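Take a look at the structures listed below.
Both complexes below contain subunit A, partnered by subunit B and then by subunit C.
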Partner chain A sequence: MVIPVKILGQFRGDNTTYYNQQSFRKEIALVTNNGRELSVLHKKKFIFSFYGWMLIPAVILLLVITVYPFFWMIVMSLFKVAVRPGARNEFVGFQNYVNLVKDHLWVKGWGIQAKYVSMSLTLEFILGFAIALFLNRLRKGANVLTTVFLFPMMVAPVAVGFLYLYLFNASFGWYYWVLRSLGILKKGSILGDLHWALAGLVIADVWEWTPFMALILLAGLKKVPLDQLEAAKCDGAGSIRRFIDVVLPNMVPIIVIGVLIRFMDIMRYIDKIFVMTTGGPAGVTKTISYYLFDVAFHFFELGRGAAIGFVLLLITLGLAIAFVNILKKKGVQR
Partner chain B sequence: MSSEKMSRRKFLEKTGLAALSGGLLYAVGGSIAKPKFGFAGGQKEKEVIKKQGGGDVWRQYAGTKLIFMSENTPPSSAIKAYSKEFYDLTGMEIDVQQDVLSTVQEKVGIDLKGGTTGYDLNYAQDKPMNTMFADYWVDLHEFINDDTLPQDPEGYGQDVWGYRWLDVTGYFYNRDRLVSLPYDNAVCVMFYRKDLFEKYSNQFEKEYGYPLEYTDDTTWKNVMDFAKFFNNPKIKEVEYGIGFQGLEGWAGQLDFQRPLFSHGQWEEWSFDDPFIGTRNPGPCHWGDDQSVETLKHMQDLYALGHPESLSWNWSGVNTAFQTGKVAMCPNYGEFAATVEDPDQSIAAGGKTGYGMDPKGEPSWIVNGGKAVNGTNYGIGGIAINGNLSKDLQRASYIFAVWATSAKLQKRVLVELGGTPTRMSVLTDPEVVKGMKRPTKMPNALTYPATLKGVIPPHVVPGPKIPKWNEYSVIQCIELSKCMAKKQGPEETAKILKKKLDQMHGV
Partner chain C sequence: MMESIVRKRNTIGIIVTVLVIIIWLIWTLTPLLIMALSSIKTRREAFATPEIGDWLGVFNIFRFKPTTRHYKTLFSGAGFATYIWHGIVASISSAVIAITLGTLGAYGLSRGKIKQEDNLSFWIISTRMAPIVVVIVPLYYIFRKLGILQTIPGLIIAYTTFNLPFAMWLIKGFFDDVPIEIEEAAFVDGDTHWAVFRKVALPLVAPGIVASFVLCVLLSWNDFLFAAIIGGGPAKTVPVGITELQTAVEVRWGPINAAIIILVIPMIFLGVLIRKYLVQGLTMGAVRE
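Coming up: the complex of A and B.
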């Protein structure tokens, strides 16, 4: 890292001896490439500095709304929370966790979650990439079209749930009518059919969140170095070869970000399920996150719900970290 | 005048500190000194009113604001519309917040169990809400006998409400505490296309050997015949004979319960008194011969129903009926208002008949029980948050008295299509007259069937158990698999036996 001594000098005066001291060397290790006074911020007693004071309300707020509930969730997962007023919560150790393994809905929920996440994510990625490539090549009207494509993403997930509930409705739904007319839907139900219901949810999710993926990937495409593309073209590489060998490797960091964000989002979303199927029919759309909602706020088994929530969090984090590590190992993370 | 200027950084530092200190002071002070509510009159005045009893007992809490968290049902919408009248009468503001039942359940549950007072009054739906929250609500016995509070002239005895509706929504697991007053009723009856039944009567009789008529003696087996007949593509007016409401959760639980109870009055558990319920129901009856036998026929019945039946609740099946997708559907009386509205429904204008839920088919009964017209319902009550201060509980009680009064129930029924719970309204001469066409009270068209269905031997109040919500989900999932023919009746009954007993630690 290049040490911007001149910039530091503006703050400290021209004191060459000081710059050579060990303490300063440690300090400057914190200086970023931008050469801002980050070292000053990180100096001892930072917490009592002006910036420290200014940050305290935000830190307290963060602690109150995230850290405290997080630890409380872990504590709660070790208790059987009382179901009657005045009764004491009963400490049960890891019993709530042990019971999860015996819970058929919890076990089955992971399978449904895997299907829902993988189908949604794959489709959103492929369609999002296609839209991004299309928008990237547009010379005129790209801004207008991008705005139009982004529209579904701006709608609240609950509203999207209602929209698709109506579109799939057997009495007046337009999608239902189209699928029936084309002969794709033979028996006559989307959300009431054990095979179609999950697909219905995936369609709604893909409609809403493909634009997000497209937006992220479009940003990535804009960053692909033109000189590399031109060089590849001069070397006779066709468009597919250029895409595979130049565009994709340059896009990997942005793909990782996009996929990670969507993965973590889909893992926790229940809005559409809540509106469209409530986990049915026959539990085929009861993902683990919806089951968590059921247990915690429908059955009001708060200890059990906390245990499900904590396991869901750990697995989501574990999968996300594993995904990033795999990409790092392959040397594609930059 | 000093010419010294405070630096921008210094200024931000000072104001930031001042704001932080102020905020902390406010938070600490607020939590200690925050008034729970305000009176228009002083404490002395309130005491005088309480003691005298002759003062305007309705206005003793004037200036208070109450929040009522309710399901988006017609009576709640009506109450909301009449909130100005409540204000004029009591000087209290009432904020009626409405949502779907599952959201109400979630919000109220967090409020009650968290020991907070976000909602003063709660919609107390007998099974999904009350089985879990009854212990958290105020015991109304204390207020009912308090002469410093306004009381309804009819009183609150069992006989002033529909058959044991006070028990259904007010008492849970014992008679120690009365937690809510009946506020609205949703009783299931059979909606059927009377015009089509008349039109195709002869044709049906030729094919099936008996007339196409819907009566109190129509059995589930007859309903299967009707459904088969209307499923014939040659009948263009409707797509399917029948639609159900098997959506996972409460809708599905009620839907499956009707045919199950109709055959030998079968229930999941034995109760000393099913209208009161029990905390420990013991082993369930799933897996016995009757449960398997009824499931076999229900499987065939559902196979004839509209394919969307497993995803519909009451609204979904109602839309299907209104738009001519199905010729019959069991549904709740309050939906007659929309079915009879020509702007919303092609089944309006005298085309719809309302009958009792179908009777059990005697040949399907193997437990030696009776064949009855299994009728179930949701009786919604008004309950008061037990975390409130005594004064706020009393203020809330005033609202509960007003909202469940006969006078208001009748007005709501006549003007907005409500669902009364007081017998004086259900038997009011004007309402009785409205039970026949032409009527200005379309919901009243369902009352003859309702009033016959909600009494023994037909009525099934449903299992009042603390784990009702979990039971309904487990049962709906397995029964839906069975109805979709993914699982056989015997296997389904066996699985349910295992899972429900496991749920209760049996």
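Coming up: the complex of A and C.
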């Protein structure tokens, strides 16, 4: 094996008939490659290989702009951060965290967040699934329709907030007028009402993101194996039976992804709350995310804000990981 | 007999399907339509909702003489054109940084063999999960120390915190889809790593990269929180400009509606443009159509 390489090496440059030494060595490595990796590339330590060099700039920048702030957040949460830049910060240890437990707005914020998330998620999931099922029945026009359905997703959350602030306005809002005319709403306003304000936010979120649910569930429905459906049909299973026994099990991974991403995003954005209610009336829409915004950027208590943020981050990520793991244990994998 | 029953059920099914979809279309488009119409109405026309229960009054929506006065106010007053400019500069610069470094990194991540790959993946994805307010608190503090609050470069860096991991992860998915055999063939022909990347892999994922670029621009252009807290002051973007039309004294609905149309229309256009990649993009590559 070694000898031919040496001989062939003399014909370097004519690589249509002969391999030059270098690429011949590459080919030997390629033969032993298993799966996706080109093992020839891993002779050197990864970090010094070509692929390592490709990755390094991105990783360094990411370290600077994500990991460094993350550590600063932990540090900040142990301090009483001065409002004025340049003034000295005062070390308080875990005081910021201890105070959270006594802070009834913080506790209440979690409750409101839970209500907001669960209401939005449930509605978006049920409506999205229904729309996806109907769209899946269409032979023609589904493409045009899905394109129109994705409009709300492209609208900036701030704009969605203003859209609904306008529609819900008690003196000239059209949705307010419809709700009043239908007799659902007796009097007063929507976003200024203790019971309706959160529902108003949920409606705006449902408008914006149900199409997202519908689109990805539709993608999932298209991938349900037809032979399984046929087989179930032959066994005499009705459409509801087929839905429960064939369609749903096949959809689980997609449902997990959809619900997870929506959960993250509802936790993530507070733009709509900022525009529509600013946490009011009487704090009934002050979710934990919005409360954090209030503490950090209205009262400029950055230390306390960092503590709230760190706990929020841990719980958000923890819930997401737990959710994925529970489903993995049940044998569902992507 | 059997056949007729089945067909009958289908007709009802079709009617129900069409009905549901029409209702959903109306629900989706009405807010946008009302907003668009209000932006070309006078204040009196825009606020002309009928009496409660007067259903025929719905047609009030269409009773108006078009006017461009709100758009004129928007652009005559100080700033709105600058806000648009800031938005364009910040979102495109950040997208360029994110896509350039992200494409290189994604290729390395996709082809290379890294021991820490799981940790790296988790790290990248978690930046997509972290609530924005949480990210902003330390970023605000660091930027204040560096003195780049309320500047466009600061805003670009802030946008890159979410654009870079997003682009990198998404483009990695596109590279994963390229059959490795094509690249192997190029290697056997004696090409260098860089040549294989540039001549073989890159052209194959180019549409995906363009889609990722558009999504990065879209996310940054639509962003409000970073723009309000890290930016603001002399570095305002359109979403921040809109919220400032709402003051404690009055809400200037005419200009707000006009500004929202300006904010939203280009993004809807971009969204339709990359329609094919949208689901993949919004789910971090987890779901494909």
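Convention: the second predicted complex is superposed on the first by the 287 of 334 C-alpha atoms of A that agree within 3 Å, B and C clash if a C-alpha of one lies under 4 Å from a C-alpha of the other, contacts with A are read in each partner's own complex, and residues count from 1 in each chain.
By our rule, contacts are C-beta pairs under 8 Å (C-beta built on N, C-alpha and C of every residue); 3 or more make two chains touch, one makes a residue touch a chain.
In this text, all values refer to a predicted model and were calculated from it rather than measured experimentally.
Visitor: Applying the touch criterion given at the start, work out whether A:Phe212 contacts subunit B, subunit C, both or neither, answering first, second, both or neither.
Guide: second
Visitor: A:Tyr269 contacts which: subunit B (first), subunit C (second), both, neither?
Guide: A:Tyr269 sits against subunit C, while subunit B stays out of touch.
Visitor: Examine A:Gly128 and indicate which partner it touches, taking first as subunit B and second as subunit C; both and neither are also allowed.
Guide: After superposition on chain A, A:Gly128 lies in contact with neither partner.
Visitor: Between subunit B and subunit C, which one contacts more residues of subunit A in the superposed model?
Guide: C
Visitor: Who does A:Thr277 touch here: subunit B (first), subunit C (second), both, or neither?
Guide: first
Visitor: So, does A:Phe172 touch the first partner subunit B, the second partner subunit C, both, or neither?
Guide: Touch partners of A:Phe172: subunit B and subunit C.
Visitor: With both complexes overlaid on chain A, does A:Phe297 touch subunit B (first), subunit C (second), both or neither?
Guide: It touches subunit B and subunit C both.
Visitor: Quick check for you: in the superposed arrangement, does A:Phe70 touch first (subunit B), second (subunit C), both or neither?
Guide: So A:Phe70 only meets subunit C here.
Visitor: Regarding the shared-chain residue A:Gly109, is it in contact with subunit B (first), subunit C (second), both, or neither?
Guide: neither
Visitor: Touch check for A:Met54: first (subunit B), second (subunit C), both, or neither?
Guide: both
Visitor: By the touch definition above, which subunit A residues appear in both interfaces, subunit B in one complex and subunit C in the other?
Guide: Shared contact residues on subunit A (touching subunit B in one complex, subunit C in the other): 50, 53-54, 56-57, 85, 171-172, 274, 297, 302.
Visitor: Quick one: in the complex, what on subunit A touches subunit B?
Guide: 50, 53-54, 56-57, 83-85, 104-105, 169-172, 187-189, 191-194, 197, 274, 277-283, 286, 294, 297-302
Visitor: Report the residues of subunit B in contact with subunit A in the complex, numbered from low to high.
Guide: So the residues of subunit B in touch with subunit A come to 9, 12-13, 16-17, 20, 23, 102, 105-106, 109-110, 113, 132, 135-136, 246-249, 252, 306-312, 316, 319-320, 322-323, 325, 386, 466-467, 469-470, 473-474, 476-478, 480-481, 484, 486, 499.
Visitor: Where on subunit A does subunit C make contact in their complex?
Guide: 15, 19-20, 22-23, 26-27, 30, 33, 36-38, 40-42, 46, 49-59, 61-62, 65-70, 72-73, 76, 81, 85, 130-131, 134-135, 137-138, 145-159, 162-167, 171-174, 176-177, 180-181, 207, 211-212, 215-216, 219-220, 222, 254, 257-258, 261, 264, 267-271, 274-275, 289, 292-293, 296-297, 302, 305-306, 309-310, 312-313, 316-317, 320, 334
Visitor: Taking the touch rule as given, give the residues of subunit C at its contact with subunit A in the complex, in rising order.
Guide: Counting only subunit C, the residues touching subunit A are 13-14, 17, 20-21, 24-25, 27-32, 34-35, 38, 46-50, 52-55, 61, 97, 101-102, 104-109, 111-115, 120, 123-124, 126-142, 144-145, 157, 160-161, 164-165, 168, 176, 180, 183-184, 187-190, 193-194, 197, 218, 221-225, 229, 239, 242-243, 246, 251, 253, 256-257, 260, 263-264, 267-268, 270-272, 275, 278-279, 282-284, 286-289.
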